[in-house]
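There are two complexes below, and they share chain A, which is joined by chain B in the first and by chain C in the second.
Up next, the complex of A and B:
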């Protein structure tokens, strides 16, 4: 664990990671307090001054109903990132434990979970999320629950791939011979080794899901007007390009900076832990081969030179 | 007749998206024999649900369908019926029989004769075909007789109804070739055979429709365009770019883009239309089961602010289903429910809601801005509106079939016949009357309208009397009427100003 902690600390010493953390700190702060700090009520309409440009009173101008754009951007922050966090949390809670269990809890569990994962990954998750809101109501929580379920296979496979290489590690075998329980082995030897991989994947997944949230709210899915979201603001701004051609840039920048910061942090962790690239964002739109995200080398120096060992039963179950 | 989806689509008026027309210049494709040398018009329009007027389910289809079909009558610029395939018509003394006299020498685009028998068969199909969506408009038509040599078609009605000439100007009266529907009725959905100004030569759904001038059209002298190309409507945000790039030559633009269109060197026409934004109210659902709440809502909405913000001032405040200039419009209702928040609060208090109330308002994404503004206005009288956005694809089912919503933002596209408009808005089976209740005095007033000939000097009076009763007794909350704003390239000549269906008589592309 201490190795992992050291690697993460090393990652955070990179300039890109520090800048990204600064951006995320601002985003998280605005997520909690954006609505309170907003200079105006983000919902207050002033239809006598619609689509006005930046001014002393309205630093970023007003929208089509005369609402203060800066206040709406600030208020939208929490709503936009909470949706992304919900989907990532759902994917994490389902995918990571299932991935670890698939390695350590026998062939039957592994076979069943693999088939479920294969099935889920065949479905177009954004369309499914839209359908879920049609059935359960047009709420962001419902849409993100669906997205989280559909992204869980990604974390499942990444975790599985990372953990699989550890099953033949000598210290794990020794621990087994000495009678250590599976839980103890997972906690003591496995979790700290797979954590960097999972951290990288989770950070990249968060960035990708933020884009999904923005896309869905752009389409009007999960939005409860008049509450602002970044995607929703982007969508409505496009209708008034001739008045405010610059307006869509503001929510777009917010989305891009947040997603970029998450990706940069993932890159920093990857670079300092020697993990292979995990192209999560693109992977959302492209099928990834199983185990592609497995660590190329053992983070533990003692096992670095060993090839990734796939137990015989695993090989047969994935043939 | 305009279909269910037409209401919704046209309900989007204040937002942004509906694009009406686009014409284009210059291509040399498919010039018909004896063409008018008027060029090719490229038009961006919503995809038709069907090229068969009997099964078409969207209101806006009527604009595209009128390219390939001619009806017995057509509506003039003020929406009054004037001759089309029928050169004249006459009611008998009882008002229960109407005889149309067809023009001579008419043919369909497939070359078959358009005679009285063909008209009879086409109308009977509209009334009797199992999948017909215009059947409800023809229930009064008991029998139809045709006399080919005299070129007369006689409709025998079960009740006195002087609205037939108006009714038959729309999809209901579009005449389809019997040869085509007797041979392949389903094929009409993609291969229309009518006697309109143009003939469809190629059609790729969701992509394009190519039409050429039909030299057999009864009014070919006024059709100068050699060909028509129909494309899916561009997004509102890109409509001007589509015109500038030459992909389209005419497009409907949202009011927000008028100045940008003018700056881009495009000509802009503001054409009065029948499209009125309205809130559908279900009087069987709380709190609208109390008429005082409905009245409070009518007084609690600042329509002038809505029209100014949502239509950039191009819309006109309206408290009734017909716009100024239409025969059914009642000038005395022009300030029927002036914005009066204090009166609205008082009415709510009398209804037992002195401490306020919470009501959901249903909207599709296209009309969210209207819902947001109404929400802010009603908050001032203690009403907390929660906005329930439903997918546009489900709107027909939820709003017009289930009638499960208490309050919804909607748009009324207008109808060819005034009585038809009343039926849709206020009838017990009316799509926009979710409460399914009609007061007897309105039913009686409508019966009087039906019994009054359109050219009777009393007709405006009786129609306006019905309008007044409807506005005072029905819960529908009319907000504003929006014009059709068309931007066109300057090489396209001016378009006609039609209240109902946009037509292209006299239009040229140089």
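Up next, the complex of A and C:
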């Protein structure tokens, strides 16, 4: 554990990681305090100064109702990231324990979980989130729960792949021979080794989910209209592009910087821990082409003597 | 376990003798038969549970809600008798599982029920909206393949040069910007600053091809960026890898031109992973289209679903979701079939 913790700390000493952490710290701070620190009321309309450019009073200008853009951006921060955090937390809680557990369960569990992963990954998740809010009522919590369930397979697959490569390590075999329980092995040996991989994927996932959240809030899902969100601001800017073509840049930059910082941290961890073969959150699916779904179901006795060995081979063949 | 064409990775697939000899049926299909059958079998084993599970989840969500759709649709002035009549009309007074299987049975025959609000058949609304999604998605994928391919090959050949670095930078920048932001940027560029293209709207392809293209090109471009960038990145990596292989050195020693080595040999082997990436991005593009429809004001499936979601029109929501899944499954099968045709690697690994 101390070994891995040291590696993670080493990663965070890189300059890119420090800058990214700084950005994230600002974002999180604004998430908590942005609404209080905002120079103006984000909802106050100043009808005399609609669509004005940057000025001493309104540093980033005003929108079509004369609301202060800077205050809206700051106030929107919390609302924009909380949804992403919820989805990632849901995905983490479902995906990681299941991934660790399925290493040690038999072929049947492996097969069933793989089928669930396949089916959940088929659905385009934005339309699924839209459907969920249509059925359960319009709320960010519902939509993000749906997205979190959707992304759980991703973390599941990463955890499973990383843990599988460890179960064939000699010290794990020795521990098994010495009579260690499965849970003890997972806690003592597997978890600390899998942690960097999971950290990389979680950071990338958070970045990807942030983009999904902004897409949903752009569509008007999850947040009631007057309350500002980054996606919602983009949506209202869209109607006034001929007057203020630069306006969408501000929320877009807020989204891109936050997502970019998360990706940079993921890269830093990956580089320092030497996780050459860690699949990226986006690249995860491409490591296991869909035709590989076939072999897992084939009764190929010769090579399937050890249930845990097969997916490991499958992974390495596409690495 | 047989190995296929390990020595000659560029040989076309039908040269394998083992399956055609074994079957003695139509020669071409004999050679192709096994991989194709395998794709079909995986389709049956994987996708049928997928469709069942995902429709069951969405249908179950509808049953979980405590609000009565009929009461919601008919408004506050409805009498209990009205609500009962509507419940009976839509079959909502039946047990949940009966509703699900009856819906499933009708869905198989292409009947997705009727809208709670307009009582029009859902299938009709979907067949109206579907061409918008399919045509723009196809254009987006074509752009992604062409642009991604060109960028990837260019980056690989200029290995480490300014073009390579530029493509890498472009790729990391594009992955932090959601497609709809790219769409807004394109509107600013091509509709506001340089007013040469419409900022939104749609003309059916059957009505006027030229006009359709003018309306379709910006959304397609916005959707293509993410996939193009991913294809470029993957193609660059695998092409650089292939160009280090022994057979490339051998081909160069034999005096083949660089062009023939790259396009005739290395590219074919390198394109397998890129096609897999494409396969992953097809559902992404289909999903991102929902947001692009809102940006560019297109009358597609996403708009249908958003409008239905705002009203709680569950049959329409379900219908769109099932159509989307069907699109994803279909495109996935096509990509897998293409992959099998394209790369001997795929066949070898499968065995």
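Here, the second predicted complex is superposed on the first by the 276 of 319 C-alpha atoms of A that agree within 3 Å, B and C clash if a C-alpha of one lies under 4 Å from a C-alpha of the other, contacts with A are read in each partner's own complex, and residues count from 1 in each chain.
By our rule, a contact is a pair of C-beta atoms (placed from the backbone, for glycine too) under 8 Å apart; a residue touches a chain by one contact, two chains touch by 3 or more.
The model shown is predicted, which means the values in this text are computed figures rather than measured ones.
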| item | value |
| --- | --- |
| When both partners are placed on the shared chain, which of chain B and chain C touches more of chain A | C |
| Contacts of A:238 with chain B and chain C, given as first, second, both or neither | both |
| Which of chain B and chain C A:124 touches, first, second, both or neither | second |
| Chain B versus chain C as contact partner of A:215, first or second or both or neither | second |
| Which superposed partner A:226 touches (first chain B, second chain C, both, neither) | first |
| First, second, both or neither for A:19, with chain B first and chain C second | neither |
| Touched partner set for A:207, first chain B, second chain C, both or neither | second |
| Contacts of A:134 with chain B and chain C, given as first, second, both or neither | both |
| First, second, both or neither for A:256, with chain B first and chain C second | second |
| Overlapping contact positions on chain A, where the chain C interface meets the chain B interface | 130, 134, 138, 219-220, 238, 241-242 |
| List of chain C residues in touch with chain A within their complex | 38-39, 41-42, 45-47, 49-50, 53-54, 58, 61-62, 64-65, 172, 175-178, 180-181, 184-185, 187-188, 191-193, 199, 230, 234, 273, 276-277, 279-280, 283-284, 286-288, 290-291, 294-295, 301-302, 305-306, 308-310, 312-314, 317-318, 320-321, 324-325, 328-329, 332, 335-336, 339-340, 346, 349-350 |
| Interface residues, chain B side, partner chain A - complex | 15-16, 236-237, 240, 254, 256-257, 259-260, 305, 308-309, 363, 365, 368-369, 371-373, 375-376, 386-391, 394 |
| Residues on chain A engaged by chain C in the complex (per definition of touch) | 115-116, 118-120, 122-128, 130-138, 207, 211, 214-215, 218-221, 234-235, 237-238, 241-242, 245, 248, 252, 255-256, 259-260, 263, 282-283, 285-286, 289-295, 297, 317-318 |
| Chain B-touching residues of chain A, taken from the complex the two chains share | 43, 45, 47, 50, 64-65, 130, 134, 138, 219-220, 223-226, 236, 238-243 |
